[in-house]
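The chains carry the letters A, B, C and D, assigned in the order they are written, with residues numbered from 1 in each.
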């Protein structure tokens, strides 16, 4: 049944599958690889899957535009959670291949800039040709079309290959961020270390208004973690912005900022509030000071839920003549 | 009884009394002149009067500091309404006095800079000495201590004097703004052309934060009409700000701005929402577009009550997974 | 010699070549296709070519990350000018192929989302496989590996194919922006309708400071035309921003904004000032009012060169005690 | 001759005279009391005096409007330096008067709110009547018209009175700020702890633009020390602003902020750069780090003179194609 099926950007043996398998619930789901991000998400939209895991951002290559554009358009979807996966490549070869034997290499186009320096240093004469995915590259090595493929080490077994070199990554801290996407639902409860994703569109008649949009966050003390412009399709110069902000839609400061955007933007799409990956949620704290967020995090003074509530009560007293 | 008594900055025959008499309800109130602004307001604080009319701002001399400081400290008071009065002086003399007879003139110190040019042109040799009030100056002329007094023409009869010259005012558009002040109460209903007054204190540890305070208004599209700094008494460099903003506390954009101030300021004192004097309230309008305020006024897009309500409903849908 | 050689993102027959040929000087240059954006730009860096034409932004797919990243890192390069090209595809087939014969189609991966709707409507059962470039796709059709390729109509002749359908583009106003990139040089003189490109890096210790960076432009009345975040390679959450601003580095307001960025950013890379493509330069205007830019464009009051000069002269007089 | 004459707000025996005598050069000047602030400043304007010392701000009563308005209008004047004087009153009486004998007290109207609490506690039944100045009140006591006067202790000798009680001040830290005002001249050299005063006018057609004016300071990291609105005389709602900013016109960040104001305001009046009173100038520092001001003060990163110079050189290199 669809409630137990998760799709992901396939094929098997990619980093996306590895990321999906870090989720505890993955053990009890049917995991179905799909040929593309749109295909993985369409399965969610039409009810064939409960959720889909797709890459959204890579620390070397940047935003995954297919994912950003799918989330920004079509039937609404929502991000349930995110997964951060360190990216290190293995050079997979058929048993017996030595480094000096490698004349042709393959891998996903996104992998190429992440191993370029390594190639220049260790295989300067090898010819690169792109594959549809890292896993697909491994398959092509298995079939003998290339001598070696860059892929996750975990893909070796699937394709009967051997990792000749491991831990290859030009950039320190290379990692990819994946999101588990489902149909719109009530966001998970705040953990104290959350993130809220939206896509906002600028008014046509108002160039240069990005500053105004950002001020809706700033005035409420909400930090931005990501701002990614995407074309709206209406021609060069027309953009929407995918934004990740610190905090949860249930946090008053975040809610008020979102309402501010909703009022001044022709369109806002809420993409979800979910725990920040790679950050431990703080222990529950019984009592909070006036400028602490959930779980005791320090916030800009005047932006905690407690202060929002106090201010609302004060306003009510003013309106009642009791201030 | 106190419910029918209004105090005002006396003595009788001042512009303050004239301003008070422009209020329709003045006809049915006992009007009691007081010797000072604090005395007029203390009568309200201790229940001896229902309200007090005091000057708050003069277009030539600026803010009336006694009034601003009384409103900012002590037992809370509230502005119920404002009155704008054009200020023109008459030169009051005893019957028979000619202009060439005038060697000494008097009046309130605030009057002096408003008639300075006229004096220079018409009575260059007359000696000025200040009186406690314009009316008091008239009394001193009546008693023969001065030859002429600057006061409102309406004061002539009270003191048995004659207006020798009228409509004296150096500045075009000279006017004084008065406020009717009472104990805290539910503000009058919005008229569509309202004003909200507050006093806000800056955080000690945060010099230069005035910009932040003003952004709380700006980001919600609330225009400021007055910003007047006053010393807090804690030494040079410590100020609070009396602010008049366009709109009513019942307007969502104003309420949200006030709550924002309440959260980031150590102290905020709400002084009331009341109709703007000198501006006709717009006719009621049956249907409002998305960015019109009460009464059909044009607002900055995204700041009308209707847009606030829409955004709040949208946020609730997002939180429910129905956006 | 290199001074007469321009490289471009090849192969021959791509939109990049078509864009390059819109430049008048292209007629007198040796035009050399390169296999990748880095290869085209490296030829400039090492002196083998005077300039390179590469795509930088597509109205459907967004920023061309290879170009953005090459401009942001490595040996400095500079944008000399930009070219806007409307993008419409032709479906190229071997002579005699009818639409109903087409079972397999190819093209560059970037072309696919731009023709998706057309495919769904006219060739719902055709199988798509990506090619390394649109021109390469045409070659594969010529070789018989696919039935049809999406490419520019101008590519048909090169590969001995016929355009079966033309003017295919899902999005109205689809266009691609290309830049002619050379080694750092004195920017071309202002035309009155110019654009300035920079890449700026945020301070590590100062998340959420994007607002501050944008205010450096806003306070000087400089509009932004593009803001594109790119990862710095230091891990998720570390970004630099490619920014296009209205105006020329020789405009005082732009120069002052750039200096402001230089002071607060750990790194700023100036990428050039050049005429905006697709906008006619205004006729020269003999006299300019105080808030007109070069060529008579209306600017925000207080931001014209004339006003900057006046203010500088006033400041000098103040410093001299002559204000 | 005028070069050796300083006027001040008289009469003799006021706090203004005491403040003037704190200036070393006062010992070698002819000190001439004047009857009013305008009279003291007119003597400077018409060349009869080299400078005038007048009060500009009191920590209890706020801005001295006569001084602010004189500086904002008429022939330009300039502030050469400021003097801070702690304000404590003595109760001056004729020899032999005991506290229980005091039935009537006098003093300047500004003194009254500063001793109100003391009066309530120690002389609850005494009747207050205002005098033209504190010194004048002392004279009236000398003449027997009042029993006691509030004035500076130093005034006792001048008027043959005795200080019955000293160190009277309701507010802790009560102090008055005076300015030494002369004709426009080259400002004194920066000391490292300076202040710059300006008066700025808002555009008529642009209500609510105060935020923009303040941003001209904020974006260059210039802190404000005072913002005082004054009516322009054109009717309620029309204001100019007297502003004190940290730093010297010779500091690049201050100069650039002033030019920004000059461009967007219809009128800006530079009132001088001078040492902050009550703050020791730092010792000269041979070498400065990138974000230190003159004398080693810590500035907001990116706002030191050294950083302005670096940025200007970088801009020049960009314009030359050498960045």
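As a working rule, a contact is a pair of C-beta atoms (placed from the backbone, for glycine too) under 8 Å apart; a residue touches a chain by one contact, two chains touch by 3 or more.
The chain list, named the UniProt way, goes like this: A, B, C, D = Prephenate dehydratase.
Quick caveat, the model's predicted, so the values are computed rather than measured.
Undergrad: Going by the stated contact rule, which chains contact chain B and chain D alike?
TA: Intersection of chain B and chain D contact lists gives nothing.
Undergrad: Just curious, how far off is chain D from chain A if you go by their C-alpha centres, in Å?
TA: Using C-alpha averages as centres, the distance is 57 Å.
Undergrad: Taking each chain's centre as the mean of its CA atoms, how far is chain A from chain C in angstrom?
TA: Spacing between the chain centres: roughly 27 Å.
Undergrad: Can you list every residue of chain A that touches 2 or more other chains, as numbers and ranges?
TA: Chain A, residues with two or more chain partners: 215.
Undergrad: Chain pairs that touch, all of them, please.
TA: Between chains, contact exists in these pairs: A-B, A-C, B-D, C-D.
Undergrad: For chain D, which residues are in contact with chain C within the complex?
TA: Interface residues on chain D, with respect to chain C: 76, 78, 184-187, 203, 215-216, 219-220, 249-250, 255-256, 258-260, 262-264, 268-270, 301-303, 307-308, 310-312, 314-315, 318-323.
Undergrad: List the residues on chain A that touch chain C in their complex, please.
TA: Residues 57-63, 65, 69, 84, 113, 130, 132, 171-175, 177, 207-208, 210-211, 214-215, 218, 223-231, 233-239.
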